[in-house]
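Below: a set of structures, written as structure tokens.
In the two assemblies presented below, chain A is common to both, partnered first by chain B and then by chain C.
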Partner chain A sequence: MSGLNLIQILNGLTFAALLFIVASGFTLIFGLLRIVNLAHGALYLFGGYIAYSVTGMTGNFALGVLSSMLCVALMGVVLDLGLLRFVRGFELRQVLLTLGVAFVLNDLALVIWGGDTFSMPVPEMLRGAVRVGGGFYPKYRLFVLVLGLVVFLALWLLLNRTRLGALIRAGVDDAEMVEAMGINIRRVFLATFMLGASLAGLGGAVGGAFLTLYPTADAEILVFSLAVVIIGGRGSLVGAAVGALLVGLLNSIGQVMFPELAYFVIFGPMAAILAFRPLGLFGRAA
Partner chain B sequence: MLEVKNLHSFYGDAHVLHGTTLHVKPGEVVALLGRNGMGKTTLIRSIMRLAQPQVKTGSLLWKGEELLGLSPHEVAKRRIALVPQGRRLFPSLSVTEHLTMLKAASVKEGWTVDRVFEMFPRLAERRSHRGNQLSGGERQMLAVGRALMIDPELVLMDEPSEGLAPVMVQHLETIIANLGKTGLGILLVEQNLYSALAVADRLYVLETGKVVHEVSAAEVRNDQSPLMRFLGVH
Partner chain C sequence: MDRRQFLKTSGLALAATTTGTISAPFVARAQSGPIRIGLMAPLSGVVAAGGREIVEGFNMYWQEKGKSVAGRAIEIIEEDDAGNPDTALQKARRLVEQAKVDFLFGNLLANTGLAVANYVKTNGVPYFIPVIAADDLTQRDRVRNVIRVAGYTASQMPRPLADWALKQGYKRIATIAQDYSFGHEQCAGFAQVFTQGGGQIVGQLWNPLNTADFSPYIGQLANMNVDAIFAMELGADATRFLKQYSDFGLKGNIPLLGAQNFTDQSVIRTMGPECEGIISSAHFAEGSDNPDTQKFVKAYSEKYGKLPSLYGFSHYSGAMWVGQVIEKLNGDISNRDAFIDAVLNSQLANSPLGRPVRFDEFGNPVYDVYIRKVQKNADGKYWNVPIETYPNVSQFWTYKPEEYLKSPPFSRDYQGIKK
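Take a look at the complex of A and B:
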């Protein structure tokens, strides 16, 4: 295994943690609302820029992250109530609409923040490196790894230990039946859309510090998120976690060992998984 | 209590209900008989206001209030519950979660998780199983229990005995009859005449989207032949 060492594996794991944060939001929306939200990457990028601006103005990293999540969640509300409601039930139109929104948001970001590359400023306590094995590893990336675990745990508890979580899972199984039990499924949808969008915002804010923010970052993260969700299976939290680990590790291994095949290393196995499990590893038929 | 008047429902261009008219009185168990494809499920779905079929004309009065124009959750809020064809349990939810998703376990009014478990001890034994890990009979019990959790005044049951073993069908008949005695109105879609007769106060026969025969269970007990003629059994 030439060139593959602990650092590369940690790089893979931390990238996986970020991918999980972004893709978990994507899979929640995909699973419950049946919307492939192609604007998810744009929400990520917007979240990153907002966090960058707010942190720049206030010098407070946490405030930047929170305002990013809040703003992007609100953008999710506008997207769901303002646009997607008009194409409810038409899957192709929904996808095209979100693609259009992605382009508009991307251009809007270009107008507001320009085409330069920014790096989200990291608070003092997360700067520098810690000793890992025989080398040093950036503290911040380890923070992202921990954050990914925290988000997984929080989402797991939300989905499996709360009534809203039970409603979301039931809605993924059979939304009409949930509605027939007296639940306004639209409200559950909206809450899920906000939650999913805020996770894109969180991803943009924390990812902006080590992947940096630039005009095409949205498309890149979107492609990775799609791969994660397709591998893991629509609407599955555990699937998103496993998919993110797979994509994150394959990505860093691929970059080190087969740099000229970096994309194939991810999308080759994805195609193979799809050939045998068309619904993804943890996916279920609707 | 429920008055269906001259209902015309469509699936796309397919005209399924051709002026269906029937009613269910408070606490009455009414069976809806008819062969496959005659519009029984379409009627149930129309009453529940599910997205398909489309009701084009007619009226659905519930305690004098028009249900047309409401969403399914608003219909359910008016205490009309659905036990759908094929059960439609949630594979991702445990038995208990099916019952607590509407009401916190701490709520003590109306139907509670404990009351449902008391009625269906089998479900209590299976409380942590998921919807798709139950036997056919247990699934049907859970579908009924889930419907009761909205504290209904009327339950729409679409072929609850479908695919069940005879002993389970009998158990279900007892349950339905007992629920009927508690004052719950039940509109029961049933293919099996004898199951229907075992529980119903009144019966309707539906043919190509229209009620062609109405008879009380007492009359059928006296003379089965008119009903048999409408069911195509000679």
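Take a look at the complex of A and C:
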């Protein structure tokens, strides 16, 4: 066995970048709306399929990614206004409802795109590999790493430097108080839901190129996202970033060094964190 | 007439008429009523795409026959096993006990097939398994009424590929396979023949089913300093592995050999140049120039708008095999033992393989196995083209069955590797 090297660390980092993109949307919705959106994985997969179809038709990668984000954001609106509105405040019903939506979306995807495995076409300039420390490394994965950093920066600026960000942060701490200040918190909720959903769409489009798209891809990414959010703490952007880094690196290192324990290496630490810090590393009591 | 005599005669008459009225229509129904077939396939879940092709291939044969054989209508009852052994068992029970099917067919995943095989072991219902490949079903734990019509054992197909690899001069090979029995067995078939021929298995990697990211494995494979890599993946894992193998620049640098499912149409149908040139071994090659094969490929493509995969092909051929036997028996399959014997002693003729196929004495078919290469066809689609043929490959390769069966069954820990 070759053990660890630069390539494996890069693998962990690039996987972490994708996980961050998906999990940041998850944690935003979880933190502000108090909804464990189990349909997040299904939105990811749908976004991937939409991006695949649009890119296939137009040959334009960026257009595929954007249309995926837009469509999935709209699906988020429908989900929030059309369904979740009726179970507002009932946490268990919300969770069950999103789970049901996830099943429906999965079957819908199976009907529309069939069960074959697709992979999102990548533009010419991102194909191939570059030399990194004595080995080859795919350009596309480096692109995902950079994209993850960009998304982190953009979200950080949004949350800390804009009015909407201030409202979202205030809402995470005390939604009732925000409403009492004369702010329409419903609109903030909706904007957050759209933002979170579009991040799932972005993740699906970008991840679809190297993790491929197939039935049940949603459940896998959802489990990883849950782990990230639980480790990082709900509603915390920095927590999502740290959680994604931990899970991504543990995943790569675990597969190399303890292949028999590949899953334990991720979920063992998660259980330990839950036991000693139930709110996650960066979570705060509501 | 005294009373006793009256009772005797009337009793006899009554007996005669009742048995007459009950048994006569029963016999007539067994001969002329429909033959009911229970077809199980995963139509939901991870392997739903393969499951659909099972149904397509199976139905295609019976539709060609006008849904009747030897004057008896064929009635197919489809059930979704969801790729789950519990569901498969429940559906098999329902098909046998409530729908009263004459025999069972299908399933895709080994664990679903084993669950059903265990069930029919007790009641003797014939069960035909074109793609359930668990070695021991036709080896150490053979069940007589579980028959691999147009099927194969897992370790059977990769053996010729190992021999071919030795002839290419490959000395050091690493393997990567999905971590479950189908992966262990296929890998072992390859590793056993390769090491007995003087080759060395440098390392064996096992990835969990549905590995999202193959890069950690590919990173290790790249550093093993090998002449070639043998990969056994199917479904989405295969697509991802091929894609990432090419992304990391290994394609073209280290030759890639695959088990038959690795480059099956169900995998390469949606792929681009990443899959070109991969070598694999199987009894079926949709790119073979055999006229019977091409006739089937053309008919299937026209009907379903895609090239046939192993799943579609195997169920088409399996249906054909059983259909031919029913025809030979003039539609009378009421005697199960005679039916099973007739199947085991029969040969598959006129199949898409273009050559007759027979069973070995353990109920597993003997095939001519192709070494195949993925190439682009005239329509710009990728398919598997034979480049060499190994005739008469049985599940025991060149070993004597009695001696072979003394060795332990293959597992992750026992790969038959000669040290």
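Note that in this section the second predicted complex is superposed on the first by the 284 of 286 C-alpha atoms of A that agree within 3 Å, B and C clash if a C-alpha of one lies under 4 Å from a C-alpha of the other, contacts with A are read in each partner's own complex, and residues count from 1 in each chain.
By our rule, a contact is a pair of C-beta atoms (placed from the backbone, for glycine too) under 8 Å apart; a residue touches a chain by one contact, two chains touch by 3 or more.
The structure displayed is predicted, hence computed values, not measured ones.
Asker: Quick one: classify A:173 as touching chain B (first), chain C (second), both or neither.
Answerer: first
Asker: Name the contact category of A:185: first (chain B only), second (chain C only), both, or neither.
Answerer: First partner only.
Asker: Check the contacts made with chain A and report whether chain B or chain C touches more of its residues.
Answerer: C
Asker: So in the superposed three-chain picture, is A:214 touching just chain B, just chain C, both, or none of them (first/second/both/neither)?
Answerer: In the superposed model, A:214 contacts chain C only, not chain B.
Asker: Regarding the shared-chain residue A:91, is it in contact with chain B (first), chain C (second), both, or neither?
Answerer: A:91 sits against neither chain B nor chain C.
Asker: Just chain B (first), just chain C (second), both, or neither: which does A:163 touch?
Answerer: first
Asker: Output the chain A positions appearing in both contact lists, the one against chain B and the one against chain C.
Answerer: On chain A, the chain B and chain C contacts do not overlap at all.
Asker: Residues of chain A touching chain B in their complex?
Answerer: 89, 163, 166-167, 169-170, 172-174, 176-185, 284
Asker: Give every residue of chain C touching chain A within the complex, in rising order.
Answerer: Residue positions touching the partner: 44-52, 203, 205-208, 210-213, 215-217, 219-220, 222-224, 235-236, 238-240, 243-244, 247-250, 266-267, 269-272.
Asker: Which residues of chain B touch chain A in the complex?
Answerer: 48, 50-51, 71-73, 75-77, 81-82, 84, 88, 90-93, 97, 100-102, 104, 131, 146-147, 149-150
Asker: In the complex formed with chain C, which residues of chain A make contact?
Answerer: 1-2, 5, 7-8, 11, 14-15, 107, 110, 114-119, 121, 128-129, 135-138, 140-141, 210-212, 214-217, 220-221, 224, 251-253, 255-256, 259, 262-263
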